[in-house]
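Next come two complexes, and both contain chain A; in the first it sits with chain B, in the second with chain C.
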Partner chain A sequence: MKYLKLKATTFLIAASLASPLAAQEAGGRLDIVVQPEPPGLMLGLIQNGPTQLVAGDIYESLLRYDSDLNPMPSLAKSWEISEDGLTYTFQLTEGVKWHDGEPFTADDVVFSADVFLRETHARLRASLAYVESITAPDPMTVVFKLKEPFGPFINAFENGTMPIVPKHIYEGTDFANNPANATPIGTGPFKFDEWVKGSHIHLVKNEDYYVDGLPYLDEVFYRVIPDAAARAVAFETGEVDVLPGGSVENWDIPRLAEMDGVCVTEKGWEFLAPLSWMWLNNREGPTANEKFRQAVMYAMDREFMKDVVWNGYGKVATGPIASSTNFYSDDVTIYDHNPDKAKELLAEMGYDGEPVSILPLPYGETWQRWAEAVRQNLSEVGINVEIDSADVAGWNEKTSQWDYDMAFTYLYQYGDPALGVSRNYTADRIKKGSPWNNVEGYENPSLDEKWAAAATMVTPAEREAAYLEIQKEIVDDVPVAWMQELTFPTIYRCNVNDLVTTAIGINDGPRNAWIEK
Partner chain B sequence: MWKRFRSNMGAMIGVVMLIAVIVIALIAPLLFPDGPWQMVQRPFLAPFAVDGLPLGTDTLGRNVAAQLAYGAQVSLLVGLVSTLVALLIGVPLGALAGFYGGYADEGAMRFTEFFQTIPNFALAIVLVAIFEPTLFSITLAIAIVSWPPVARLVRAEVMSVRTREFVDAARLAGLSKPRILIQQVLPNTVSPIIVMASLMVATAILLESSLSFLGLGDPNAMSWGYMIGAARTVIRTSWWLSFFPGIAIVITVLALNLIGEGLNDAFNPHLSRKGKA
Partner chain C sequence: MTIFAVIVSRLSKAILTLLAIAILNFFLIHAAPGDPAVVLAGEAGAADEQMIEQLRERFGLDQPMYVQLGKYVAGIVQLDLGYSFRQGAPVVDLIADRLPATLLLTLTAFVVSLALGIAFGVAAAARVGKPSDTVLTTMALLFYATPLYWLALMAVLVFSVWFGWLPGFGYETVGANYTGLERVLDIGRHLILPALTLGLFFTAVYMRMARASMLEVSQLDFVKTAKAKGLSDAVIRRRHILRNAILPVVTLAGLQAGQLVGGAVLTETVFAWPGIGRLMFESLAARDYNTILGVFLVSAAMVILFNIVTDIVYRIVDPRIGARS
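What follows is the complex of A and B.
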C-alpha cells in the first residue's frame, strides 16, 4: 500500500533537505541527450517531455516528490493541510532569488497558480477547478483554499504541473508572446545560457542557488541528436553521459548496459507512471462484447511480450492503476496467459470469426513488434485479426474518430487516480475528435459516481477503500486491454552519482548529481 | 530459340534458381504450417543454435526460415502481378501512340513523360503512403511507376514494325487499322517485351523490398524487405536477421536478370555479345 503518508490530523513536516553525506565532488559538466528538440523552454507554456527534461533544471515548483511520491521541500520549506482537507498552507523557503537577481516571494506563487497557469496549463486548470482562492497573507506564506476536499491536490505541486514563473517579468504581458520566453528565468539550480538550434542547449550553474553546495555540476549540455542509432554511438564514444528513457531503441539497451562503467536505472518514472493499453472499441464489433474483451486479456502472453518486446523492462499491468501510483491494488481478477479460457469465452459469446484490427502506435519498431506479438497470440485462440497501419496523423485521426477495433496507446497517471486514471474511464471524458482519455467509449454510470466520490474524499483511508472497489469492478469489465507499466530506462555513466533520486527522474536530476573523478 | 537459350549457361542457372524460389514459395504452407508469425523459440537464436531452426530466430523468436519461405510468396506475387499490370497499361498506350502517331502519339508521350520525370521510388512511396499499405496498394503503386518504359519501348517497336512491307500488304488487303495493329504489328514486338518484363519483375521485387524496408510494407504480409527493415536496428548483434533475406533478394533478382539476358540473347542472336554463340 503506497498512498501518501498523509494523516487525517493536521500535521507539519519540518523542512529537512536531504543533507549530503560526504564525498560529493563539485565541478564538471554533464552531457544529456534530449530527444526530440524541445519546441521551447518556458515550462509554464509548454509541458511536453523534452521541455520538462531541460526546463526542470531552470524552473521549480513548491514541492518535489521522492520515488514513493512523498512530498519533499523545494520552494516551500514546509506545508500543512487542514483537517477538513480544504486549506493548504505553504511556508516558502527563504533566500530564494530569480536568475535575474529579483527576490522570490509569495506573490510569484499566487501569480503563477492563479493567473499565469490558469490561462496556459490545461491539466493544472482541471485541478484548480477545486480551488476557491489562492492568497499570500505574508511574503513567505501561500494559502490554497479548496471548495471541496480533493485528495490528489497535494500532487499538483510538481514542477511539470505547477512551475513557478516570475511575476515581475510576466505580469500584464501576453504570456505566449513574451520575448522573455526565449531566455527563461527561473529559480532552479541551473541558469539558461545558450540554445544553438539543432545542436545543443547550454545551462550553467546557478551560483546563488539557495541550497548550500548545490548544484555540484558547473554546466549541463542538452544535446540534440536526431537519429536513435547516432545517439547510441554518441554514448558509446563518450560524447554524451546520459541517455534519458526512450532515446535509444530497446534492443540497444542491453548492449550499451554491458559496456564498462555504464549503469541503467528504471527509476524516475514513478510520478508519470506511463501505463500502456489497447483501447477496445466498446461501441461496435466483437470488442463491444465483454466476453470478447476478457478473451483478449486471457489470450495474450503479456509476460512474454514484456520480456521479448521490452527486453524485460516494465511490469505487466493488473488494471487501470499503475503500481507506483497511489491507491494501486492487485487484489483484482488477474488475467494470466490462458488460451483455453480465452477459447471458452469466445465460444460462449459465439464469436463468428468477424475480423478485428489492431492499430499500433506509430512510434517505431518496438510498438510494431508489440502489435505483431498480440496478433499472433490472438490468432492462436482463433480470433481473426489484422494489423492496421497508420502514421502519427493517421493514428490520431483513427482513434479520435473511433475508427478502430483495438488501438495501442499509453498515458501518464501523475501520481493519483483522480489526476491520470479516472479520465480514461468516465463517460464525461468521451469526446469525439480527441485521441485522449475515454476513447474506448466505456460507459458505466455507477462507476462514474464512484470515481467522482473517490476524488473528493477527505482521508486517504477512505479513498483507498473506494479505489479498491473501483479497481475490482472495472478489471472485470475490461474496458481496455491493459498491457504493461512502461519504464523507459535511463542509461548513464556510473561515475555520475545521484542522478535519479526523485519520482520525476532526470527532469530534476542534475540538481543533486555529481561526477566522481 | 529454346536451343539458343538452353545453351546459355547463365540463363539456365537463373532458371534453376528461380524454380527453386518458386518451389519454396509454393510449399511454404506445407513446410511451415504455423505461418511465418508464430513465435516458436527464444528470440535472437543464432543459426543452428537449436535443432530445427537452421536460420535462427528473429527479434520476437519467430523462425527465420519460415519467414524467408513466406517472404518468397509475397515477393514473387508482387513482382509478377505488378509487372502484369504495368504491361496492361504500357503496352496498349505505347502501341496506340506508335501506330497512330500524330496527336495520339503526342498526347500519350507527354503523359508518359509526366510520369518519367518523377523519380520512381519517390512516387511509389507517395502512392503507398496515400493509400494505406496493403499488398494491393503496393502492387498497384509499383505498377504505376513501372509502366512508362514499357510504353516507350512498345511505341518504338511498333513504329519500326508498322513501316515494314507485310504491314503495307495487310493494309492493301483491306484489313482495318485495329486488326493490323493487333494481328500483324503487336505479335512482332513480343520478344523485347518479354525480355523487359523479366527484368521488370526483378525491379518490382526490389521496389517492394525497399518499401517494406522503410516500413511501408503490408503489416500483415511477411516480406523480405520487412525482415531486413526489422533487423536493421540489431544488425550489430544479430547479423543473420538481415543476411538471409538479403541473400534471398540477391538470388531472386539475379536469377531474373540472368533469365532476362538469356532471353534477350536468344531473341536477338545477331546482337549477342562476343563470346556467346
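What follows is the complex of A and C.
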C-alpha cells in the first residue's frame, strides 16, 4: 500500500510537470523594447542594463538563480562547496557549444574568470580578490579556491556578474578592441544576427542549444525607441510585446495594464534588488548632523510617495538591505511619517533655516516629481529646500565630487549585503571620483569591522546574526535617507508565457518564454 | 568675379572656418561638467577607481589638454574624426551609418515644405484679403506656433493609434526583410509622419515669407510698368514679381538647408528615426567627446556649404548681385 501511494504521488508529480510542458508551443517572435540603445553587446566588457538585457540571451554563466536566489544549473550542471567554505567545485554541462561550433570546456571558464573578467569587470574583480586560484582539473570540472571564506561567492556566478566568454576568440588579443566584439559569440539560447544602429537588434534561435526543446522562440527583436511616450504607443499599437521595467513613465503603467490581454509583473528584480535613497552629505552643512538626518526620515511620508509618485509599485525601505536580499531584517527603528517628531529633532539641534539642496536623479519625470514630493514634506517641518538639477554626466560629476547636500540615487544589491550593500557605508570606500561607493562620507569604525567580519563568516546563521546587529545600528545613524525598494514592473502580453521565471527577470527570460497562439 | 572664382575663394575660407569651429567646439565640450569615463563606468552599475583610470587611459583623457587637442586637430586634417568611447567604433562610421536616414527625412521635409510654402504663399498673395487667404494665413500661423514635439505626438496618436493608417515610428518594418520596390514603399510609409511633422513648420515659414514678399514687390513701380505694357496677371506674377520676391525665401531655405544634418533631433526622437540627431543627443548625454565633435563638425560643414550654395543661387536668381561686386 505504501509503495502504491508513493507511486501514485510520483505519477501525480510527473503529470503536473508534464501538462504545462505539453502546452508549450515552439515558434514565434518576440519584440522587446531596449532603452537606451546599448553601447555594445560584449557582456564581458559592458555590463550596463541594456547590454545585460540583450546579451543575457547570448552569453551564459555557470549558474542561474530562482526568485528566492537559490542557484540553478546553467553552464554548470552541479556544484559543491567544501565545509570550510573555501573550495567551490563545478561540474560543467555536457554537449555545450559556442555559437561558432567550437566546444565549450573548463578552459573557457578559467580564462573568463581568471584572465578576461579580472581585467574588464570592476564588480567581479572585488569578489575575485577573495580567490586564490581557479583551475580546471579536467575539461568538465572547474575549481575555485578561496583565500578565506566569502559567503556571497555563490552569488557571483550570475550572467551579468561572470559571463563566460570564448577563450578561442579572445586569448592573447586586446579585449576592448577585438573586432569580434561586434558579433558576439556565446553559448546562450539565442545567437546574434544583426544590429541596425538606432533601430533594432535581431537575435535568432540557437538550434544547437544544449537543453532539448529550448528555446521555444524563433527570434527576438530588441527595439530601440528613444521617447518614453513613443514606447507606450509602440506597445499599444502591438509593435512590441514586452516593455521591460523602466521603459515607460510610471503614470503610463496603469493605463497600459488595463488594456485587454496585457499582464504586469513586479517579479524578476530579486537579484538586482534596486534600493533607492538620498545621500545626505555627512561632511558639512545641516546634513552632517545626525539629528537633522533623522528629522528628514520622520518628515517624509514615504508611503504617500510610493503610492503617488510610483503608482504603488515598490516597497518603503526600512534600512540599507532590500527585503529580497539575503539577511534582510525589519527588526530596526522604523521611521514613520511623523512631522512633530521631525520638528522636535530640528529644534534640538538648533536648525537655523540654512538652505539644503536636493539633486534628483536625471532619469525622467518620475524622479523629478519624487524630489518635489520630498521638498514639500521637508518644507512642512521648516526645512528650507532648493531643487538642483543636472543631466546624467553632471549628476555623476556632482555626486562623485561630493558637491551636493542631498542627492537621489539607487543601487543594485546583487543578492548579498557583502556584494551590494557594505560598499556604500564603510570608510575604506570613501573615495572621490566614483558615485558608487560611500559617497555620503559616513564613518563608523566599529561598524566597518562588523561589515568585514560578516562577509567572511562561514555559516549563514552566523552571518544572519551579524547583519542583524549591523542593520539595527546603522538605521539609527541614518547615514543616508533610505527611500524605497524599487520595482520596475515588466509589462507584456499575457500570451507570452514563462517570460519572468528567474531572479534576473527578462535578462535571461527569452530562454524559457513561449507564445500561446 | 565669376561663379568659379567665388566658389574657390569661399571654399578656402570655409576650411579655415571649419578648423576654427573644431577647436572652439573642442574647448566648449571639455568645459561642460561631466567626465565620459565616469559616465561609462557608471553605466556598468558599479565601478572602482581602477576601472575609471583604465578608461581614461584608453581614451587618452589622462593626457594634458593641449596634447588631446593636438591629436584631435591632426586627426581632422587627415579626415579622421577619432574613435567613439561609448560605441567602440570610428566616428566616421557612426556618422555614415546614420546620415542616410537623416538626409532622407530632412531633404524630404525640405523639398516638400519649400514647394508647398512657395505655392501657398503665392496663392495667398494673389487672393489677399479674401477668405481663402485668411484660411491659409491662419493655418500657417498655427503650424508656425505649435511646438514640434507636440505636433509629432498628436500625429502619432491620430494617424497611428486611432486610425492605424500609418506606422508611428521607425524607419522600416523591422523583421519584414522587404527588398526592392516593396522596401522603398515601406520606408516611404514610415517617412510620411516624421517628414510632414518636420515639414509643416517650414511650410508655414516659407508661406508667410513668400506671401509678404510677393505683396511687397507687387507694389513696386516696375510691376505697374509691366501692367501698363498690357502683360497678363499670370505672367507678371510669375516672371516679374515671383522672381524678385523669391530672394528672402532663398535666404531662409539656405538657413534650413544648413540644418539638414543636425536639425531633426526632436523629430527623430519622437519617431524613433535612426538618424544623426539622435546620435548627437545620446553622445552628448554620455559625453562621448569624439562623436559629439564629429557630428558638430559635419553639421558646421553643412551650414557653411549651404551658405555658399545660397550665395550662388542668389547670383542665378538675381544676376545684379554678381555684377555689383
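Criterion: the second predicted complex is superposed on the first by the 496 of 517 C-alpha atoms of A that agree within 3 Å, B and C clash if a C-alpha of one lies under 4 Å from a C-alpha of the other, contacts with A are read in each partner's own complex, and residues count from 1 in each chain.
Here is the rule we go by: contacts are C-beta pairs under 8 Å (C-beta built on N, C-alpha and C of every residue); 3 or more make two chains touch, one makes a residue touch a chain.
A quick note: this is a predicted structure, and the numbers were derived from the prediction, not measured.
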- Task: Applying the touch criterion given at the start, work out whether A:C494 contacts chain B, chain C, both or neither, answering first, second, both or neither.
- Result: neither
- Between chain B (first) and chain C (second), which, if any, makes contact with A:H202: first, second, both or neither? second
- Name the contact category of A:W436: first (chain B only), second (chain C only), both, or neither. second
- Task: Tell me which partner A:Q368 touches in the superposition: chain B (first), chain C (second), both or neither.
- Result: first
- Query: Looking at the overlay, does A:A122 come into contact with chain B only (first), chain C only (second), both, or neither?
  - Reply: second
- Message: Let me test your reading of the model: by the given contact rule, A:E249 touches which partner, first (chain B), second (chain C), both or neither?
- Response: first
- Task: For A:A390, decide between first (touching chain B), second (touching chain C), both and neither.
- Result: both
- Task: Counting touched residues of chain A, say whether chain B or chain C comes out ahead.
- Result: C
- Considering only touches as defined above, state whether A:A257 meets chain B (first), chain C (second), both or neither. neither
- Message: Contact-wise, after the overlay, does A:A229 reach chain B, chain C, both or neither (first, second, both, neither)?
- Response: both
- Contacts of chain A common to chain B and chain C in the A-superposed view 229, 390-391, 394
- Note on the structure: Within their complex, chain B touches chain A through residues 37-39, 43, 59-61, 129, 132-133, 215, 219-220, 230, 233-234, 236-237
- Query: Which residues of chain A touch chain B in their complex?
  - Reply: 228-229, 249, 251-252, 255, 304, 308-309, 360, 365, 368-369, 371-373, 375-376, 379, 386-391, 394
- chain C to chain A touching residues, read off their complex: 32-36, 38-52, 58, 86-89, 94, 97-98, 101, 153, 156-157, 160-161, 164, 167-172, 174-175, 268-275, 278-279, 282, 285-287
- Message: Can you tell me which positions in chain A touch chain C when the two form their complex?
- Response: 29, 31, 36-37, 39-40, 46-49, 122-123, 125-126, 176-177, 181-182, 196-200, 202, 219, 221, 223-227, 229-230, 233-234, 236-237, 239, 390-394, 396-398, 400, 411-412, 423, 431, 433-436
